[in-house]
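Right, I'll just put the structure down here and ask away after.
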Amino acid sequence: MLKSRRNLLSAVVIGLIASAVAMPSFAAEKKLTLGFAQVGAESEWRTANTTSIKEAAKAAGIELKFSDAQQKQENQIKAIRSFIAQKVDVIGFAPVVTTGWDTVLKEAKAAKIPVILTDRSIETKDDSLYVTMIGSDFTEEGRKAGQWLLDNYKAQGDVNIVELQGTVGSAPAIERQKGFMEVIKANPKFKVTRSQTGDFTRAKGKEVMEAFLKADPNINVLFAHNDDMAIGAIQAIEAAGKKPGKDIIIVSVDAVKGAFEAMMAGKLNVTVECNPQLGPQLMDIVKQVKAGKQLPKRINTKEGIFPMETAAKEFPNRKY
Amino acid sequence: MSLTRHLNPRTLPLIITTTLFVALFGFGAISYDAFLSPQVFLNLLIDNGFLLVVAIGMTFVIISGGIDLSVGSIVALTTMVSASLVQHHHWSIWVILPLVLLMGCAFGLLHGVLIQVFRLQAFIVTLGGMFLARGLCYVISIDSISITDPTYTALSEYRLALGEETFISLSGIIALVTLAIAIFIAHYTKFGRTVYAIGGNERSALLMGLPVARTKIMVYVLSGFCSALGGILVTLYMLSGYGLHALGMELDAIAAAVIGGTLLTGGVGNVIGTLIGVLILGVIQSLIAFDGSLSSWWTRIAIGLLLFLFCLLQRIIERSGLGRKAKSTTA
Amino acid sequence: MSVTSIVRHRLFWPCVTLALLCAVNVFFNHNFFALEVRNGALYGSVIDILNRAAPLMLVAMGMTLVIATRGIDVSVGATVAIAGAVVAVMIGGTLVIKDGVQSYVANFPMPLAIIAALAVALLCGLWNGALVAGAGMQPIIATLILMVAGRGVAQLVTEGQIVTIYYEPFFFIGNGFLFGIPFALYIVAAVLLILLYLTQRTALGLFIQAVGLNPTAARFSGISARALVLWVYGFCGVTAGIAGLIITSNVKSADGNNAGLAMELDAILAVALGGTSLDGGRFSLIGTLIGALIIQTLTYAIYSLGVPPEINLVVKALVVFTVCLIQSERLRSMLFTHTARIGEKS
Amino acid sequence: MTEQQAILQMQGIHKRFPGVVALKDVSLRLFPGEVHALMGQNGAGKSTLIKVLTGVENADSGDITLAGKAIRVTSVLEAQELGISTVYQEVNLCSNLSVAENIFIGRFPFRFGRIDWKTMNAKARTALAALNIDIDVSLPLSSYPVAIQQMVAIARALGTEAQVLILDEPTSSLDEDEVERLFDALRKLKAKGIAILFVTHFLDQTYAISDRITVLRNGELEGEYLAADLPRIQLINKMVGREIDESSFARQTESGEAKASAGEPFLAARNLGRAGTLRPLDLDVHAGQVLGLGGLLGSGRTETARLLFGIDHADSGSAKINGVPVSLNSPRKAIRQGLAFCPEDRKTEGIVAELSIRENIILALQAHRGIFRFLPLRKQTQIAEEYVKQLGIKTSDVEKPIGQLSGGNQQKALLARWLATEPKMLILDEPTRGIDVAAKLEIMDLVKTQCRKGLAILFISSEMSEVLRVSDRIAVLRDRQKIGELDGASADEQSIFRMIAGGES
């Protein structure tokens, strides 16, 4: 009986190894290889971003080594290090945070692998560590949201704003808040009375908004750092017997499908676009980098702002 | 005929685990180009050095029969305090290092006292510590702080060449030194053996006249120290302080210890096993990175499946191996 | 009942903690206990807390049983996400606009979707149970596997999207009110009653405690410990599944990545705050419910007091430490002997 | 005789636990170079007295002097440093550590600042060799049977620079041979002038080694006697506080009638065995009979019981119950066939210490009925109280945790657990271990009573006299195989030992 058990075991091990051997190696002809270290799949926005990159790579005939860091910087660094070990042609990554990349990027530089950043920039003294950065500007998104509010909110008296922040410490949360505050400062009537994190999720957004509504009857405006929290908050506002979009003006960021649906129902006033469709642009740049072209340090993606009124027209065009 | 019969039952799980690690690495070597290189192996140490250090502290805690959920947060707090002091207050690294180590110990002391003196459950106390340390990070700054201090940068970028295109980082070296010291503590000091005794049977340890209370508190201090040291390595690894660093590292550390053969019930396990546990977690990640074709969710599922296969194989081999051993010794 | 027997009661200190937290809330928000009827439903802070605590209470009840058998289940958060994903995908993610009229269509009949989601949750639980009871893995590592992979499975089901549900009847589970009280609370009550019945009017409670306290003795007495542990994990999966349904229904969407995140820690914390030892054995379901309410009341206080988000965790940590110390018999006896000594001297 | 100075003196010791007075004005004195037996029934206060002496508990009042100096012992460590070392009844060692470590932990040999394992192992081998034990000291303690573990504990206690050595029922898990080895060692220590306090329930052993006897009863000092001056029967009377007839120790010979009824056996095992554990053996257990299993520790007695009860799986042979073939591969199945099993290790395999007496008693019955055929609380209490009365379990309340009962009462509650299931066969593995004389007698009487009611009983004990006393037939085991069977009525210790020593298989 024991013997048979041991045999079974060795069969399993041998099977594992054999299946590994049998797996075809994909090292055929020399294709351009891009190693891309993604942040994770923490939001709808991010999955749309990933899909865009994968599809674009396939269309451009670039072999993509994709790695998911599950929102951890150390995982991203590990992935970059493994890309270096695999000797890929270009490394791309969407930094989880802006800081702390110098060491591993120097290793990439030493291995002569060019690096492209997407989505957000990094803090470094040595600009030569990366070729270029393409992506959105969270601070700018915050500014746009604030500007829209200043331009469009016409009520008298003080404006009490509550803010649903993203995950504490995350770059979009910090930068969107920064941009928003910058602009709002211009008018002393606009005041952020309450601010709490909703972790970028609908459930938390709803929960926090519920508490806000109980604690404070005078809320005029809600600024949510992403659409998901705004959608959760809308539900809380409705439950409290108020009309979202009218009694409380709602400004949010991302412009995902759900936001458009809410806008079409008249429940969300405006959403600032944060475009995830970086794939095709990224692949172009990869090819240019490999061809040795000079590129600007920063390439911004085109991003719009969608007030309620334009929602119905824009909705069919939304891919994410 | 059977090798296992002559083995100490304590070293058997370790041998099984090591063999399975080699099998996993072999699997990678066969499947992926460039996997079978010394640098890929050394990267396991470079990229997981801090986890190894943290997991070593965790191993002691688990062997003593406790658990420490605060380690990941203390790592983050260490990076935050270091970065803040060096960047905003321009302190010298040589002041900061002992300071943060002391801070880690203080956290451990707090946990130990609450657990031992007030008889609170370790799980809950260290969960509180986890909230506290992570919360303090945000109090310092919610944003990440980049470190540009030349000493930190130099230490971070230091590479000991071990051959052509083969190198190891400072944190890898520190991790290995910590490992050596931990092995010494676990096996050659009274403290280490007392930890094992307490985990085996706390009442007996008390009746044998061992300093149970002191040792139990010290174990948490040690874990706090290792977390802070791990935090220093993370600081060097990322050259930044950030409240979201090392999120969920406590589970990785527990997993590493447990995979390495440490029993959560206490008394059984060893530090070398933890090294293997860390390497296994690392090699699973490397396999997935080298594969590079998995989507985000398949990455998670694949990690889960590999973990599952590994633990299952480990259990099956142990059962057959230890089963035989037990039979020959029960009288 | 004499005063000392009340004080000695195991639920006394959890209740005191909860009362203190409520007092804090009242101090800062005088309307804390105010209830009014809006749209035929009770409306107020207390209702919010109860409503919001419902998923946690459910998960924590399942967790209580698992912990009583000397186990732990860190995969409940992932199970919440999986159940939510399954029900969301099955009920429907399509908004049909016909002639400018929005109408909602369920892909599968709702009862079928709910049953399917709960069945999947049960499977998740049984998987954990099989690894623990069958393969003999350590509970934390066995459930860690599902914790890691489960979220991947949930995202696989939703293809990484947040699946929005457009089917009015489903919203009742998490948003509906019955006789003015949130429907979710009826679910909690039903599960609680079933559990109380099972643990007090059947031998389940006795068996779980026996297995948790001394597995060998339990097995030698003829209790099939393995089957019991298997089903306890299975049950824990189901409670997590129900919680997943409530959360999904409440926000009308399923988020594979975030639903039930870190819920395992809150659930374990609730069990511990309720006075159940994490070493297994004696357990208290009511205590667990109080524990869950303590956590939710605290969270609510943090939100409504205007605590800056960056110190949320510090506040939470301090409360956890304080609550633990309040409940520490050791501390009380130390204080008691101290004051007694002072009394003797004077 | 008091010219000699007492090395240790305890005077006027009081100790109160909530609701109970455990010790009331107890005194004790120990002289160098003597073996002093501390006797008394369970609950007499022996354990508490020892705990006070070794710093586990603090006395409420009273004085302790060691070598003329007043001492206050507040921790085990202090006691050890003062030269008072203790071997406890239950092996209080760490089974995950190696044998050598268990002997030396706390006082490791160091070399270059590190534990010197080599020296330690060598020293451990020497220490054990003094007890005539030769084992691999680098293996974990858990690799060895309880008897060896107890010897290791003794080796540990002997190793410290002890002036006073306390042995709290160290022999309850040792067989005769091992007891003799221990006594040899004790005599050597005695010769070195060490004072030895010896707590035991075994009268033979008391008289074999002790010079002086102190008897406690109900937490009070009954008296101190020279062993030579105190006849056995008087000792028992002093312990029990009432008259016990010498004849109650005599064997109850019930030969003939019981055996005559034996036709078809209740349980018949043929060729039952398990590789590495037990060589195939035949066994017949008849209803209304006690089959004793004789043999030394490690001879395969417990292994036989575990196979029959389905805890371990047999890999050869078959079993029939009432002539019908059965496969006994789990305790549940065995219970369904009417079997019941009181395991050797009461604490870790028998009782659920934190549960109440009631819950412990109905546990097996409820498990047999399943989850849903729940016994109402009233019925449970009724059953529990009935057995408490019937078996004479000494407790005020069936709702008390069973862990608070004395060993003998725990054992009775375990018996109650099984009797409540109305079994057809009872397997008792060392039911009398670690309990006092009176309780032992009661347990044995219970066994006989149940047997008369028609139960088949398999009785395992290390004490041959007990096996002889209750058994109708005795199966003798050696080296994990059955070497023969004797008739209970005609067998005596000599014949059993001859068989064991015989060497023929």
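When the chains are written out, they are named A, B, C and D in that same order, and each has its own residue count from 1.
Here is the rule we go by: contacts are C-beta pairs under 8 Å (C-beta built on N, C-alpha and C of every residue); 3 or more make two chains touch, one makes a residue touch a chain.
Given the structure is predicted, the values throughout are model-derived calculations rather than measurements.
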{"item": "Identity of the chain that, by mean CA position, is farthest from subunit B", "value": "D"}
{"item": "Separation of subunit A from subunit C, taking each centre as the mean of its C-alpha atoms, in whole Å", "value": "31"}
{"item": "Mean-CA-position distance for subunit D and subunit B (Å)", "value": "43"}
{"item": "Geometric centre distance via CA averages, subunit D-subunit A, whole Å", "value": "68"}
{"item": "Length of the line joining the C-alpha centres of subunit B and subunit C, rounded to whole Å", "value": "30"}
{"item": "For subunit C, residues contacting two or more additional chains", "value": "155, 160, 256, 309-310, 312"}
{"item": "Residues of subunit A touching at least two other chains", "value": "40-41, 47, 50, 168"}
{"item": "Multi-partner residues of subunit B (at least 2 other chains)", "value": "138, 142, 295-297, 299-300, 324"}
{"item": "All chain pairs that touch each other", "value": "A-B, A-C, B-C, B-D, C-D"}
{"item": "Interfacial residue positions of subunit C with respect to subunit B in the complex", "value": "74, 131, 135-142, 144-156, 160, 256, 265, 268-269, 272-273, 277-278, 309-318, 320-321, 324-325, 328-331"}
{"item": "Touching residues on subunit B, where the partner in the complex is subunit A", "value": "23, 26-27, 30-34, 37, 39-40, 43, 46-47, 50, 137-138, 142-148, 153, 156-157, 234, 236-240, 242-248, 282, 285-286, 288-290, 292-297, 299-300, 313, 316-317, 320, 323-324"}
{"item": "List of subunit D residues in touch with subunit C within their complex", "value": "309, 311, 330-332, 335, 341, 343, 348-355, 359, 363-364, 366-372, 374-375, 417"}
{"item": "Interface residues, subunit B side, partner subunit D - complex", "value": "8-10, 184, 187-190, 193-194, 196-197, 199-201, 203-211, 267-268, 324, 327-331"}
{"item": "Contacting residues of subunit C [partner subunit A, same complex]", "value": "29, 31, 38-39, 43-45, 48, 52, 95, 155, 159-162, 164, 175, 247, 250-253, 255-259, 261, 299-300, 302-310, 312"}
